[in-house]
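Look at the two complexes coming up: subunit A is in both, with subunit B in one and subunit C in the other.
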Partner chain A sequence: MTQSVTQTDRNAGGFNLFRFARSQEGVVVFLLVALMIIVAVFSTASPYFFDVRNGMNIGRAISIIGIASAFTTLLMIAGGLDLSIGAVMNAAGVVAAIVLSETSLGIGGAIAAAVAVGALVGWVNGMFIAKLGINPLIMTIAMQFIVRGLTLGLAASASKVIVDPMFLAIGQSYFHIGPLSIPAPLLWMLLAMLVLWFVLRFTLFGKYVYAVGGKASACRRAGINVNVITIQLYMLSGIGAALAGVVLAAIQGAGIPYGAGSELSVISAVILGGVSLAGGVGLIEGTLIAVLLVGVLKNGMTLMGISSVFQMVAEGLVLVGAVTLDRLKRRL
Partner chain B sequence: MQGTPFLEARNIGKRYGGLHAVRDVNLSIYPGEVIGIVGDNGAGKSTFIKMLAGDHQPTSGELLIEGSPVRFAHPRDAKQAQIETIYQDLALCENLSVMDNIFLGHELTRNPVLRLLQRTKMHTESRVLLDDLGIGIPSTHELVVNLSGGQRQATALARVAKAGAKLIILDEPSAALGVRETRALLDLILRFRTQGKSILVISHEMRDVFEITDRIAIFKRGELIAIKRTKETTPDEIVSLIIRGRQ
Partner chain C sequence: MHKLGLTAALAVSLLGASAINGAMAQDAAANPTLTQDPGNPNQARHWVTYDAAAGAYRVDSSVTADPASWSAANAAKAAGRKLICFTAESEEFDWDVVLVNPSMRRAAEAAGVELLLLNNQYPSTTKPIENADICVQRGADLVVSFNVFSEIAPAIMTKYNDAKIPVIAMDVAHPGSVFYGADNCKTGALAAQFALQWAKDKNWPLDQLQVVAGVDPAVGGAPNCRNTGFVDAIKVAVPQLPASNYYDVDMRTGELGPVAGAIAATTDWLTAHPDAKYIIATSINDDRAYGIAQAMKQAGRGDAAVDGIVIGKNAEKAALDAVRAGDTPLVGTVSFFGNKYGDDVIPLALDILAGKPVPTITSVSHEVISKANIDKYYPQ
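Moving on to the complex of A and B:
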């Protein structure tokens, strides 16, 4: 009896190409192959592309989107959506700059204040969405306006210059490992992704992220406090945006209160990485490769002299292509 | 039945604005007893059991567990009182595995800070549980989305069996089942009864109701209009009560 059970178990776990293609791991493998093809194409097209230094340039360019994407991936797996990310990024940079110039709290205080702003915005989003059932799209767009307005008011519509060399090092220094010079922002991004990958894969919280995204009512009936998890996830998304904002301010040497938000680039990277807007599926690995893919595409096109106007079009086309394939694979 | 009932509903009611979904229901459920709840659509059956499950809150009356009054503000509270419910839609996360669903809300973890999942242990326990219940699911790693209706039902049943409840509520459990699967379900309910558990089952299947229940509660327009001993009544009488409200 035990023997036969093990036998069926093995058969059920056996490799099935169609089932794999439909799974979230299949999406990651597909993206990885696409990434390798794009790298191969650009390597033959431009002599400057396949180069360690260029690789590090790509790494720095994608790190801001990457940090924010990693955090909001969890929220989106759970079926949430956060459009206040870009506004929080700007707010966090300005708040960090002001704390550095106006107080003696130092770098620690600046980062803590920025993270607190992100957590607070996320908490407000989460409270209204979880407890009152307000549509996440509406709520977080409203927060985007509120935060953007408050940030402009706080900064008196001017950039806040940062001079503290230690703070600037967060965005501008390099870590030397052997022959490699890794830009600090890339390292922060990889660190964030590693931690969140661990959380999603091995912890109870990670399991509940998938469960809430699968069927929130079933979780509630199973005794899980869905509201608390939802609020925590919006807070995490806000904290991720704030951390990205801190790194961005360190790269730019200033907290800049205006400028288009990057929330749509963040959300499209997460979706490209295989997270469904309906929730329940997705992996951090997918977000990482999607962020890399977009970064490589932009960098390669720049090296080939393709105008930034067409680059935007290409980014949109890639997203449309990805979600189209996602729909089609369900018919396998 | 004598002694203290496991659960007693006293004048339980639920209003939605001007609509009385359930009105003044009095019902006691004893250990080792199976009660069938029958009635037409919209008779208040589902609303009634959702109040016992903590999913809805009553607007009047009170609930007593083993003689002491309780208030369920969340399904969690009902679970703590050892009441487990299988809903009509089964309340499964289809994107998760059979094991994940069996342990949903009761996951085994180690390290109180990180709360790391003990996957291997949960898979092993799920396998043992499914084999013990005689439930045919090939792998506990399988995602629920890939399961048949009967296998999904089995997963929901395994979750309830695992929780070790004293009262099990089933909302139309055989609606999506084939003949053989229905048989297995009825046997399982009878087995739960011999373990001293109380069972409350909503069903439209008269034959099933007469086979497994001790008493039958008939709901009509939000009211509990009659409770009959199964041995002392007939399907005709029950159907007549459901339709006309009297014999």
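Moving on to the complex of A and C:
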């Protein structure tokens, strides 16, 4: 009975709920609904949650993961994976701090040097993965170790304090729009999302990203240089991590050579946002809402006084739930 | 058009930055908390009161008593329901979960103040900054900041200064806050004194000591003084000991945790130094000290009378158990009584909120816990 209803619905003309649920847009709507429910629950549970200032706090807290996730979304849609993101973030912050303190290149030089580091790491990753066929997981884990080691060596294992007010403004200033004081990092994240949304949606490169992730062999037959696209995407991932690292260093007021490793937070946000590990599927909008959802969840639980021990459990459950729902949805 | 937008954005950023700098630009003479170094034994100590209008501590020269005479017993009582935001170092490590955090909760409850405990998730360098935002947003009356990374302390303090919230920094100084906690360098010096006394009691040749410091560059400069204080004190006491007898062994927290990391690093060091005797070792905390002792024992070089000894820091349960049992080289641990932090910090907070003068630096008592005195300080 269920089978026949499902079949009927699948074949129905006009709006088809099952088809919509399976679509990329369906994932975004699902996440949006989940976000709204979570916001409603926390708004009821904590008097401090539904507040503009708290919203800005959430925005700033998610900005670093958000910037890196935006770039990683493109890579993962194309079937790639980058576990060197966290190491590149730390490296970029340290390089920027060193350029600021030990050269006269100023803020422009510091950002350019940081971005160059990210691009170089991405290029090396891409070359080994695309040209030599090395598994991305292995290659980027190896690169994570290499970059972490080099960063610690470069910084002599010590943090580099940043005092340049112009650089600090990248992470610590606010944009005043009417009564709103929007933290700068939040705007950088939204800007990154907007630019990459445009790239994915309206450019030929964006179409290639989906095509490479969907069927690389077909792309090759169609004359698309898959290797070049792959290398470019790893470079973009490195640049995204470097930009996130620059903002992070500006927030912290220091380039810190060590960190807890944010790559798993980035990748889990991208997957939660509907990007398939197999590639070919995903939207920037999904990543944005997923990053927001995780940020809201963490913030709301903190405001409710829920122990961080249980917050970790909840974060894991949300990810498992999202992946399970995605799996079930594909069976519809 | 695009360029114009970016320029405008940068201009707005700069305006924001100058506002931040303006808030930070306070007179260090009137507010010594801005530049104080609690680890410096020559650091002058003052009485200060919190100027809520200015959002800064100010020297209170009306009090002539020694700032060290401040006592929790004479502290003010809570006037109305106050919210104290405590950004705890972690909710994971023994030091926090067993000692400091419960003491803060207990003392807050006894004093009738609301305590909002937020987890800084050490070793995260972003969470302490996010938590500062939450404390400000919740409108905390006072913040107790247990952030280990001195590098990010200015970024944290900018938020509290802007919001005019007084801050007590725990264990690591934050510019613009009063300090409460351990003297990291002193813990190292006390461990060294104990180790040298042990060596003398066992008739070890002092010029053949092997000084091992389990270092972790990732913890920042202040906690690492627990090692450098140890080494410096030995250099002063045993000037004839050659520089080649000092070893920094890297014990940063790896994927298997601090104890496993310390065991692996020490095992490698012991392998590279098969004839090393008269080892006096220390590290920044008991986890690593415990790991060093375990590695020595497992290598068959754990006889505290001959091979060497380890002195830990923090007086955590595993270390205290090892000291009491006496079957490993871990023969001592420097305690600064984290289980009593709350008993001082909450009254200190109440005095600040009541507008009473408080010391710029309140140091906790430090004691090397050994088999000889463990039952006195930590009765079973």
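The definition used in the following text is that the second predicted complex is superposed on the first by the 319 of 332 C-alpha atoms of A that agree within 3 Å, B and C clash if a C-alpha of one lies under 4 Å from a C-alpha of the other, contacts with A are read in each partner's own complex, and residues count from 1 in each chain.
Rule of thumb we're sticking to: contacts are C-beta pairs under 8 Å (C-beta built on N, C-alpha and C of every residue); 3 or more make two chains touch, one makes a residue touch a chain.
This is a predicted model, so every value here is computed, not measured.
**Q** Going by the contact rule set out at the top, does A:146 touch subunit B (first), subunit C (second), both, or neither?
**A** Neither: A:146 stays clear of subunit B and subunit C.
**Q** For A:203, using the defined touch cut-off, is the partner it touches subunit B, subunit C, both, or neither? Pick first, second, both or neither.
**A** first
**Q** With both structures placed on chain A, which of the two partners, subunit B or subunit C, ends up touching more residues of subunit A?
**A** Counting residues of subunit A touched by each partner, the higher count goes to C.
**Q** Quick one: classify A:54 as touching subunit B (first), subunit C (second), both or neither.
**A** So A:54 only meets subunit C here.
**Q** Of the partners subunit B and subunit C, which touch A:112 in the superposed model: first, second, both, neither?
**A** After superposing on A, A:112 lies clear of both subunit B and subunit C.
**Q** Between subunit B (first) and subunit C (second), which, if any, makes contact with A:309: first, second, both or neither?
**A** Only subunit C is touched by A:309; subunit B is not.
**Q** Looking at A:323, would you say it contacts subunit B, subunit C, both, or neither? Reply first, second, both or neither.
**A** A:323: touches no partner chain.
**Q** In the superposed arrangement, what residues of subunit A touch both subunit B and subunit C?
**A** none
**Q** Which residues of subunit C touch subunit A in the complex?
**A** 9-10, 12-18, 20-21, 91, 116-119, 121, 123-126, 129-130, 133-134, 137-138, 149, 151-152, 154-155, 158, 217-218, 220-221, 252
**Q** Over in the complex, which subunit A residues touch subunit B? Could you list them?
**A** Residues 1, 5, 8-9, 11-13, 202-205, 207, 210-211, 213-215, 217-225, 280-281 of subunit A touch subunit B in their complex.
**Q** Provide the residue numbers of subunit A that touch subunit C in the complex, in ascending order.
**A** Of all residues in subunit A, those touching subunit C are 48, 51, 53-54, 57, 60-61, 64, 152, 157-159, 161, 165-166, 168-170, 172-176, 184, 187, 248, 251-254, 256, 258-260, 299, 302-303, 305, 307-309.
**Q** Using the touch definition from the top, list the residues of subunit B that touch subunit A in their complex.
**A** Those in contact with subunit A are residues 53, 55, 74-76, 79, 85, 87, 91-96, 100, 104-107, 109, 114-117, 127, 131, 138-139, 141-142, 159.
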